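Each structure below appears as structure tokens.
Note that subunit A is present in both complexes that follow, paired respectively with subunit B and with subunit C.
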Partner chain A sequence: MQNRSRWHAGLTEYLGLAAALALLVLVFSLSTRNFFTTTNFTTIANQIPALLLVATGMTFVLVLGQIDLSVGSVLGLCGSVLGVAITQWKWPAGLAMLAALGAGVFCGAFNGAVSIRWRLPTFIVTLGVLEMARGAAHAVTRSQTQYLGSAIDWVAGTNVLGLSLPFLVALAIVAASQFALTRTVFGRYVVAVGTNEEAVRLSGIDPRPVKLAVFMLTGLLVALAGVIDTARFQSANPNAGLGLELQAIAAAVIGGTSLMGGRGSVVATFFGVLIIAVLNSGLAAIGARDETKRLVTGAVIIGAVILDQYRHRLERGRST
Partner chain B sequence: MNTSTSSCSPRRWPLAAALGLVALGLALTACGPQSQTPGKPRIALIMKSLANEFFLTMENGARAHQKAHADEYDLLANGIKDELDVAKQVELVEQMVAQKVDAIVIAPADSKALIGVCKKAQDAGVVVVNIDNKFDDAVLAGQKIKLPFVGPDNRKGARRVGDYLAKQLKPGDKVAVIEGPPNAFNGQQRGLGFDDAMNAAGMKIVSSQSGYWETDKANQVAAAIITENPDLKAFLCANDSMALGAVAALRAAGKLDQVKVVGYDNISAVQTLLKEGKILATADQHADQIAVFGIEYALQLLKTKTAPADRETPVDLITAESLAGK
Partner chain C sequence: MHSAGCLLRVSTLGKSYGPVQALNDVDFDLRAGEVHALVGENGAGKSTLSRIVAGLTAADRGRLEFKGQPYAPANRKDAERQGVHMVMQELNLIPTLSIAENLFLDCLPNRWGWIDRARLRAESQVLLERVGLGGLDPNLPVSQLGVGQQQLVEIARSLWRRCEVLILDEPTAALTDPEVELLFALIQGLRGAGTGIVYISHRLEEIQRIADRLSVLRDGRMTGTRAVSDVSLEKIVRLMVGRDLDSETLHESRTAGPVALAVRGLTCAGCVRDVSFEVRRGEILGFAGLMGSGRTETLRAVFGADPLERGEIHLHGSERPARIRSPRDAVRQGIALLTEDRKAQGLLLPLAVRANITLAALRAVAEKWGLVRRADEAGVARDWVQKLAIRCHSEEQPAAELSGGNQQKVVVARWLFRDCDILIFDEPTRGIDVGAKFEIYRLLNELAGRGKAVIVVSSDLMELMAICDRIAVMSAGRLAATFARGEWTQDKIMAAALREHLTTKPLSRSDDAPPAARN
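And now, the complex of A and B:
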């Protein structure tokens, strides 16, 4: 394991991402009036928890050498369950949230268990669940957006120093996840399975529980994201999270997570999320035309990954 | 098409495809739930995304109407999964023609791309009625065909919502428009209607951006717009889901009292917000009636064989007062 060189390069790794982020902030600060303001930064901070949580789960999945395409739909389903439980079934808020979290964990467990039991690529299984979860979200809401009013306002409405509870929770989860990925046996297993599953199996470790755990964890994080967004919008839309899987993958990839598995960092993914969020917010502040937004966003994703390639060459050059 | 294998020469594949369609049509008819009575017209309803509350309401309205008039016609309702899946909708029209339905009532996913296949259907003797999203007039004229349109005037509806908003603002006030996807015709029309109203009242539109019909995307855009324009007075949103996103952005910024929001569609989720004044107004296009009007018109055309003409369906302005009046 190239553990030492990774720690060595850790600082430069984040410096590169931080520099890219600073560059974006600079560009937008110069081209708009109110981008470089506390209000704007707290606004962005309070918008990203959902994407941050989903991207954190996605990082684990990608490091494991797998993929989860179902996250967007599962987020829609969890929000829908929460919304319907409160508005239609008249459940108490706490119980409704538990049901939403349960739905997320169930979807994650389904993804993991089915791909393990029948040895199917997770690409296929999660693609199926992408459809099923969206269908379930529409079935449970009868395709109608549910308005919750102030039923769970405290979730998104609680503020500490202008930062919302979801943002602080998401930060704590990022820190805990980074710790779990780099400093625990579980994290080492995830990296090992993602690097070479066969070698892990031959050395007497069963990779299956690791896989199941990662997908269940992702399901839980996605559900949490669903609860947060539902609270923020005071409404549950069965179409919520459409295309979120691609944003989460983009954030992880910008952060240098390998799609081939074995390599990734939750903190780097956090930077990826920030870059996407700043880009979205800045382009909207400029009032860029829709086609410009798409062209720029796509170019930034590819540019970030190319930059990452160079960083790796440097890293390799240094470690040999 | 699964029947056109690689061994088919390019010249033979249309035949193979046609055979495939016929086979598919037969298979569909054989397993279809509709009991067919000879002489009773069969009407195919081809919808946009059934994942959208608006279209679901439309389809449910049509199904209820068919049940009430079961002796007058049979209904084959089909929708596409994604509102933008034009290719799938073209396939659906071809399948319905192959099934020899008497009439097709279609809410096209694209106002141009579906014209060709609908012309083919018309040439094959099928009555085609266009609902909800009007076919492009220029292309219709170019192809020298007439497809009657039955549906709401989105531009007029949005203009009414905008006019109502304008009465609560002062000339020169800054407003922003959250639009639908750039390629959605009804979204474009609503955007134009908002522009008409704001320009007529002398408001300043500081930004017009797409929220892709989605709450979260509209929320992101709205939040950025408020930060950039702290003195903004109103958001005009091309649908209610996006209005929910704008309201959330205003709540987060503590500006619910300073910025007014209007939407479009009158979905059930905004009823409370309308009453509370967090959303000032929206428009109701009576989704449950649009497909029904289309079907009734198709039946009439089948019976009388008159020349087709457009028919506008009502759009109502919905406000806190109009809700209280109900």
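And now, the complex of A and C:
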């Protein structure tokens, strides 16, 4: 009984998002013949892993009541480190990837540690790191795109049952993250700190390690996204990930994550990413111009949040 | 039909929020030049009634008459234009603007858009004098005022316009004693000028002092309107909760155990000087004192929430001073602090009662590697909901939806589940209605009976005298005296609370210093 109602709540939570996604797919499938094809879906599945990983990290950050504006630049930096390590320093691929992941974790740790130590809003610190990481990416690559050839082709090229390795990895990470957020002590602390940090502190729990861990985790996921994108394009561009932070926030927000903290779900963010991806690909398939795409995407973000508010009001009305 | 002097008449008023009937067939009338107190437990409908009169909410049924004419304010501004003003519990001032700008925010005197500073200043000065704040510079930003002064500024804003009905919602909740006197003098003045005043308060002694008539709401219905001089406190309480409350049974005699917490020479920058005390297991120690006397600061320092300058804390009779530099250290050593502001500093309001109860000891219902065992957690929560008789639909209900008394119990459950032995309560019954107060008192008694060391900070002397074994009295940052049960009288405690004020000037944070007027 307890479990059934929980399942029920879980289903209704994602029903709206799934319906919106299905509607989009339906509309685009009816409008053009180029959309509902295996090739198109494979393309989408290959495009989204990077955004999915970054948006997953962003969801944790937002639930914590913080924000990370640096993810796009950090992705660029991690990709650059990977590219330079392989092409210039001639490191083995595995070691180069470790270095890229390390760079991401370091950036996340820097974000967390600086905002904790000097009690700065993470908006400010990550805005600074947004600039610094992009600068560092250009510095290590001397602003040259690094062409890797086939050095790490296996990352993006491996297919299991028709699905690419990055896509499967991203799915696994979404599942693990959702589990961590909803079922573990760590996840509960993230939600609690995002809800009321002072209450958590006065309950004898130090919120600082939680904060640091969330930013480091986000750094790691961003770095992983950087490795995946670098492998997919077979090159490391210091300008990679430009504006990615806003896409990640948009995906989380479409999924119903609150910017005020305390509320959010990784699975819902997954739907958000899918909605953005389908929208982009569908609009491209019907031949919409770039300006139209941006207008529509923007409207969808705002519309999604309005709908989400109504949904919450309804739920609250029912529970009282 | 309407008697002379009847300013406002409300008949058969009804209002529902969903399935909840907030007001049911309520009749109420207000005469010109009277103070009419409105009392009732939280959720009884006082706020709904006053919000309807002030134009903030529309009624579903019933009629309102103002000076014999049908009255249906479209919004707050409309009500104010007709002379009906309300000062709410949550202040509506903009902290960064000056007093003068706040007073005239919706109609700044101007010439083609340029603010007429001289006129603004002069008119503000007049208003401030009327509320007894003539000494304040109208150009001061509101953020520099104490809560009490802000309240008076808010009242001043209502006085500028024709004010025939003034609704005051818990006006004294955050006021210091001198400010209360100022407010009462102001109310007397307005009453003399023919303004009808609706006075909402939980403090029954205040109502006996200031009000002419009193109306009691219970569960959305009016249970009676009386002349204040005709009813006793006991009678009012009975009207409010619908039953008698026996205050004699509050304190049970019990024998105190060994010393649980001993504090020696505690000093905090600016507000606490050389405070020493101890509390035993199975004992309730009260902390009395005026606002700003350093009670809260002392106990926050013991809990590690604020840094202490000097002093030692010994736990459970240990010779070695305990190392407490953060709330985390304190909790690990069995000390819990239940803050005065439950909503801002205690609860995770949108989260389930379950998550609120297990927060401090989540690891006790989790695997080593971090998985929360959901069934165990829900079981623990259900258990405590039952043990403390917390009224909620289920342990999954958000804490925000509970009443004040039940929210307090949720926080208590959190600490009992954490198995803390030393429980510090800061104003445990503030904002909690009379019926639930007695439940909290019984709970405190039970905790002491179970061998917990309980410390209670309260501004309500009657409350402390009813439940404590000993009362420590603080005055201007020092511990002025400690009384055992039977030794104290109200006069002795008040004399001790004022002691330091008669001999020395208080340190930087004096009692009426505006900012940080946390007691």
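The rule is simple: the second predicted complex is superposed on the first by the 312 of 320 C-alpha atoms of A that agree within 3 Å, B and C clash if a C-alpha of one lies under 4 Å from a C-alpha of the other, contacts with A are read in each partner's own complex, and residues count from 1 in each chain.
In this section, a contact is a pair of C-beta atoms (placed from the backbone, for glycine too) under 8 Å apart; a residue touches a chain by one contact, two chains touch by 3 or more.
The structure displayed is predicted, hence computed values, not measured ones.
Taken together in the superposed arrangement on subunit A, subunit B and subunit C fit without clashing. In the superposed pair of complexes, A:239 makes contact with subunit B only, with no contact to subunit C.
With both structures placed on the common chain, the touch criterion links A:92 to neither subunit B nor subunit C. More residues of subunit A lie in contact with B than with the other chain of the pair subunit B and subunit C. By the touch criterion defined above, A:37 lies against subunit B but remains apart from subunit C after alignment on the C-alpha atoms of chain A. Once the two complexes are laid over each other on the shared chain, residue contacts for A:183 go to subunit C alone; subunit B is not touched.
After superposing the two complexes on chain A, the angle subtended at the C-alpha centre of subunit A by the centres of subunit B and subunit C comes to 120 degrees, rounded to the nearest 10. Of the two partner chains, subunit C is the only one touched by A:205; subunit B is not. For the pair subunit B and subunit C, the least inter-chain C-alpha distance in the overlaid model is 14 Å. Shared contact residues of subunit A with subunit B and subunit C: none. Interface residues of subunit B, counted against subunit A in their complex, comprise 50-53, 56, 182, 206-210, 213-216, 219-221, 223-225, 227-228, 230, 240-241, 244-245, 247-248, 251-253, 267-273. Only residues 32-35, 37, 39-40, 43, 46-47, 50, 134, 138, 142-147, 149, 156, 164, 229, 232-235, 237-242, 280-282, 284-285, 287-288, 290-291 of subunit A touch subunit B when the two sit together in their complex.
Chain contact summary for the complex, subunit C toward subunit A: residues 18-20, 303, 305, 326-328, 330-332, 337, 339, 344-351, 355, 359-360, 362-363, 366, 370-372, 374, 378, 393, 397-398, 401, 414, 418.
Contact residues on subunit A toward subunit C in their complex (touch as defined above): 2, 183-186, 188-189, 191-192, 195-196, 198-206, 262-263, 317, 319-320.
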